[in-house]
Amino acid sequence: MIRFESDYSEGCIPEILKALEKSNMEQTPGYGMDFHCENARDLIRKACQAPKADVQFLVGGTQTNITVIASILKPYQGAICPESGHINVHETGALEATGHKCLNLPSKDGKISAKQVEKAILLQKNDASFEHIVQPGLVYISFPTETGLLYSKKELMDLYKVCKKYHIYLFVDGARMGYGLASKKNDLTLRDFAKYSDVFYIGGTKVGALFGEAVVIPNKELQTNFRYHIKQRGGMLAKGRLLGIQFEELFKQNRYFKISKKAAACAELLAKALEDKGYEFAYEPQTNQLFPIMSNKKIKELRKNFAFHTFGSIDKNHSIVRFVTSFLTEKEQVKKLIKEL
Amino acid sequence: MIRFESDYSEGCIPEILKALEKSNMEQTPGYGMDFHCENARDLIRKACQAPKADVQFLVGGTQTNITVIASILKPYQGAICPESGHINVHETGALEATGHKCLNLPSKDGKISAKQVEKAILLQKNDASFEHIVQPGLVYISFPTETGLLYSKKELMDLYKVCKKYHIYLFVDGARMGYGLASKKNDLTLRDFAKYSDVFYIGGTKVGALFGEAVVIPNKELQTNFRYHIKQRGGMLAKGRLLGIQFEELFKQNRYFKISKKAAACAELLAKALEDKGYEFAYEPQTNQLFPIMSNKKIKELRKNFAFHTFGSIDKNHSIVRFVTSFLTEKEQVKKLIKEL
Amino acid sequence: MIRFESDYSEGCIPEILKALEKSNMEQTPGYGMDFHCENARDLIRKACQAPKADVQFLVGGTQTNITVIASILKPYQGAICPESGHINVHETGALEATGHKCLNLPSKDGKISAKQVEKAILLQKNDASFEHIVQPGLVYISFPTETGLLYSKKELMDLYKVCKKYHIYLFVDGARMGYGLASKKNDLTLRDFAKYSDVFYIGGTKVGALFGEAVVIPNKELQTNFRYHIKQRGGMLAKGRLLGIQFEELFKQNRYFKISKKAAACAELLAKALEDKGYEFAYEPQTNQLFPIMSNKKIKELRKNFAFHTFGSIDKNHSIVRFVTSFLTEKEQVKKLIKEL
Amino acid sequence: MIRFESDYSEGCIPEILKALEKSNMEQTPGYGMDFHCENARDLIRKACQAPKADVQFLVGGTQTNITVIASILKPYQGAICPESGHINVHETGALEATGHKCLNLPSKDGKISAKQVEKAILLQKNDASFEHIVQPGLVYISFPTETGLLYSKKELMDLYKVCKKYHIYLFVDGARMGYGLASKKNDLTLRDFAKYSDVFYIGGTKVGALFGEAVVIPNKELQTNFRYHIKQRGGMLAKGRLLGIQFEELFKQNRYFKISKKAAACAELLAKALEDKGYEFAYEPQTNQLFPIMSNKKIKELRKNFAFHTFGSIDKNHSIVRFVTSFLTEKEQVKKLIKEL
């Protein structure tokens, strides 16, 4: 069985295992106050060309999303997000459990535009009953989206601009940041995210690490006392250095980008093959997640040797399939799949 | 610098590193649904002689405490705990952030008694304004306590009995469970906790693992839908198998107990030396945390070569010191400390 | 200026003022434990033919909604509601502030069907990632809806049936219950609500009282400790008797129904006139809220002498108007409006 | 049966009933945006000599406390309060339900001092684990306290000073404000509260109104968007004018002070008689709540004709009694009680 189910089916890059072994007997202070974390922070600040950004490490995505968002919003504010946003759909109401509403905008492809955001802000602001309506306090987007799509630099800048215009914040969920940056269709850099967002995170769990997400906070206002929030939401790892060590390895020698490129190459290979064989896609193939439409018969057949998810049906006989490549996917595995397509 | 600051200063037992390496390229389902987790669950159920208990893995202590407690309490209920309880003092209000009050009982040594609990329950129950007062919904204790002390089997059974009498739950925070079980002064077993509590957890972070806590739920009522709570509180690790792998290694060949014994032996050695040299203790030495009282001059002196915390002052010239041994502490390290006492 | 803005523009029925005066010097216990509340409870139980129902009084609608819903749901559960539901749109995220998500179903007219509800339940239940998705825990509907529409007895029974099938609860927001019951198009009674819902409330604020909502809880499971929830959510009035006194007056001599009939008659008169004059309606006129479509020019003209709200535009030149009649609206006032239509 | 149980046993001052009747058919906008509310705001601002203060009306005390406190605190902050504080003891965890911890200070008489507050602030601030400990974000005191005691002007100023020194807020719960101001032992004025606190409220429920509390916010920072919080916590009354009308009547012609004086006079009469008869007091008699110590035999005897509460026992044979006078208490009633003492 070869798994194209997700980008968290395996462990991590071998360099991380080596670093864990090497550091195992070191004695360090806890809670992310050790030199590995400091070093990783510096490496990330450099990669983002954001020397004044705060960088904090958390364990997983849902935890990171609620910690960041709940640290920003006032009680009567909510988070604008695409209706397919992870916070809205796949976090068991974790955000609501911190007291905040998801303000969903319709979105066919998982993206939202500056125009939509402005409209939503004005709708609340100009309503006679504005005090009875949740006030938008930030915009949440994912890069890439749940559907594997990218925002362009122009789109990001426009979103940031509209946020600044109305004094709200822009937060980018980068659980799969590496795969976004590595895409041939991408024109954004970490530096751009540090310039055109208030806070974002660089996903480790799905891109090379065993676990861990690096929250980058360029906006000074949001840096103060952020670590209290981490502790309160249960995200402060006692042996915080484990996160430092992993992000040190990921950001040494440009590794984060190299391993993402590898996954991107596998995805491109597979996308090309699917196109060549005439498959249509539910969403344009842009990153490591591909969404071809397949007959249920074919799906059944493929499932003998491959693990993958389906995402709803197109008609009685066809469904949307999701194939995901990861930093550990080998070309050989992709070729085996292509052979059976 | 030798560190006696905490039992989370280092990494993990070497067997875990090996297992992570060995399993690294395995492809498994996420979120704790893999065979390593299943296997670890079985090992733990066996160790507890509780074949019907549910076992779930979380990453850290604060997360585990709030996930368990918020899964049990009704909105108008609170958690009875000693005033020094970790949930009350050192979790940045994580429990309150889930909507629940800590109902603190006075405690000189970090322990609370069945009698105290019953009194607190009756006080609310019999008050004319009972509906205006938070209702006790569970009892939270730590084994060992923050002060390194143990509950006896009798004390645990009494607490459980009073909980059952009033239809509330007993939850045991076992962040340092191993060190409690390994103490010469202990008469409790994992089986006892499975019999005389509704839910407890076996700490990994401080006892051999890189991170991870194993929640054991003997009470069937509390098993239903517990995983929803884990996800909502941000505690469901994508690569859940990392937790499974670690607890597999910890519970193979009685390892959890062996490594705890090692830390206990180091602590006993140190406690003996301290006693011999005439130091008094703020709390009786029972586990891997020792609280001798030292002159501030001595403390300053020791700090040149040793890292440790102090816990408040006794008088102008004396403070309470905390020395902690761990599963990775070597006798040689302890001997170096003894030499300088 | 004559106001058709809302059904809470004026005070209350005169009988309530008289009763307040008469009872003013009485000394009674607080918090709803007095004989006026007891008497009002009995009158309401009789009106509902539900001798075993619990009846509790709260001050306002938002408070009632969150108190009821938060008392029912488990932390990982949400409330299914139409997207136009008051809890979703006009309560400043009060429900989310208690930790729960609104699970919105699309609805053109403010109503949702048993079929939609079942589909939503199954979608979550059958999803491979069900633990990552908020679980529906209750269904929230309004009778009449925000758009002035009614559920038929058949529709209510179907909703209740699907709720029971999946072991979730049905809660009916009856802020305007009287106007629903009084409609010529209605086939439901209070007894039906007591039979085919788990909990509902009978609005006083908009139907005759100065303030106050009577929560009726036919389902025994939901009765236990409900008063703790009222207190916790800030809804337990010190001089609770004020609510008892008001509902006593409202439910004496069938008054609640009589005053609602009066508002209904005014609405019918106005609806007839609007129809006669060729106005179309955004929603079918069924209760005391009418939603004719008018030219912006006409709207401007009418605003000289009448106060009312608009609800979005149909096209550049036309908007949806809302005219609301109340228990204190006089036919003369309606006739003045008709004259200027 | 004459009731000295509480100051909310009866209705309201007759002027309020008259005003409700007079205004009953007026049509006004809802939610506190009417001219009665505006007028009441002005009267209160004048009484406080605080022309720039915001004034908002809520229905009850618990609601007011949580709305104010949750509007001020950041998620990781708590409210310093005396351990006997209403928010800590008698609100069913309403504050915790908004996510915040009560940071209790020991207090024998219900008061806390600036010195205690500073110590608590520094303890958290200077702790090595400060990020793991709830940060004090405001100080909550009651004037008068639950035990009927007053803060002096000096004490209030000191508390305010220490709050400003550490950039936290001072909130005064004035549920019984009138009775505090009316005491012979008081040296504070409403103007002082407007100068030496950030936000406070003037209780109506217990001092002349049917219900209602007037929140006065001198601190500009805390004024912004406060009404969103009111709505979210369920405290925005649809017919908001009911609150405006009541506070208009209370603050016309110095009435709030006059009616409080009347209650004070009754309390003084009773206190004098108790002293003369040799009763000791659990707390010094300062306001409308008296706490004499009585034999259980005497208590039983008195209960034939009088209703009152007891507050714990002193020894086997003696308990603390609470007698409360109110704005409607008549001297005759007090004299009847005195006769039986």
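By letter and in written order, the chains are A, B, C and D; residue numbering begins at 1 in each of them.
Here is the rule we use: a contact is a pair of C-beta atoms (placed from the backbone, for glycine too) under 8 Å apart; a residue touches a chain by one contact, two chains touch by 3 or more.
Keep in mind the model is a prediction, meaning the values are calculated, not measured.
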item	value
Graph distance between subunit A and subunit C, where chains that touch are linked	1
Chain whose average C-alpha position is farthest from subunit C's own	B
Distance from the mean Cα position of subunit D to that of subunit A, given in whole angstrom	49
Where subunit B and subunit D are represented by their mean Cα positions, the distance between them in whole Å	42
Where subunit C and subunit D are represented by their mean Cα positions, the distance between them in whole Å	33
In subunit D, residues with contacts to at least two other chains	75-76, 91-93, 97-99, 131-132, 228, 231-232, 236
Interface residues, subunit A side, partner subunit D - complex	31, 70-71, 74-76, 98-99, 131-132, 135, 225, 227-229, 231-232, 236
Subunit B to subunit A touching residues, read off their complex	1-3, 5-6, 8-12, 14, 17, 20-21, 23-30, 59-63, 66-67, 91-94, 97-98, 205-206, 210-211, 228, 231-239, 242, 307, 328
Subunit A-touching residues of subunit C, taken from the complex the two chains share	75-76, 78, 89-93, 96-102, 128-129, 131-134, 309
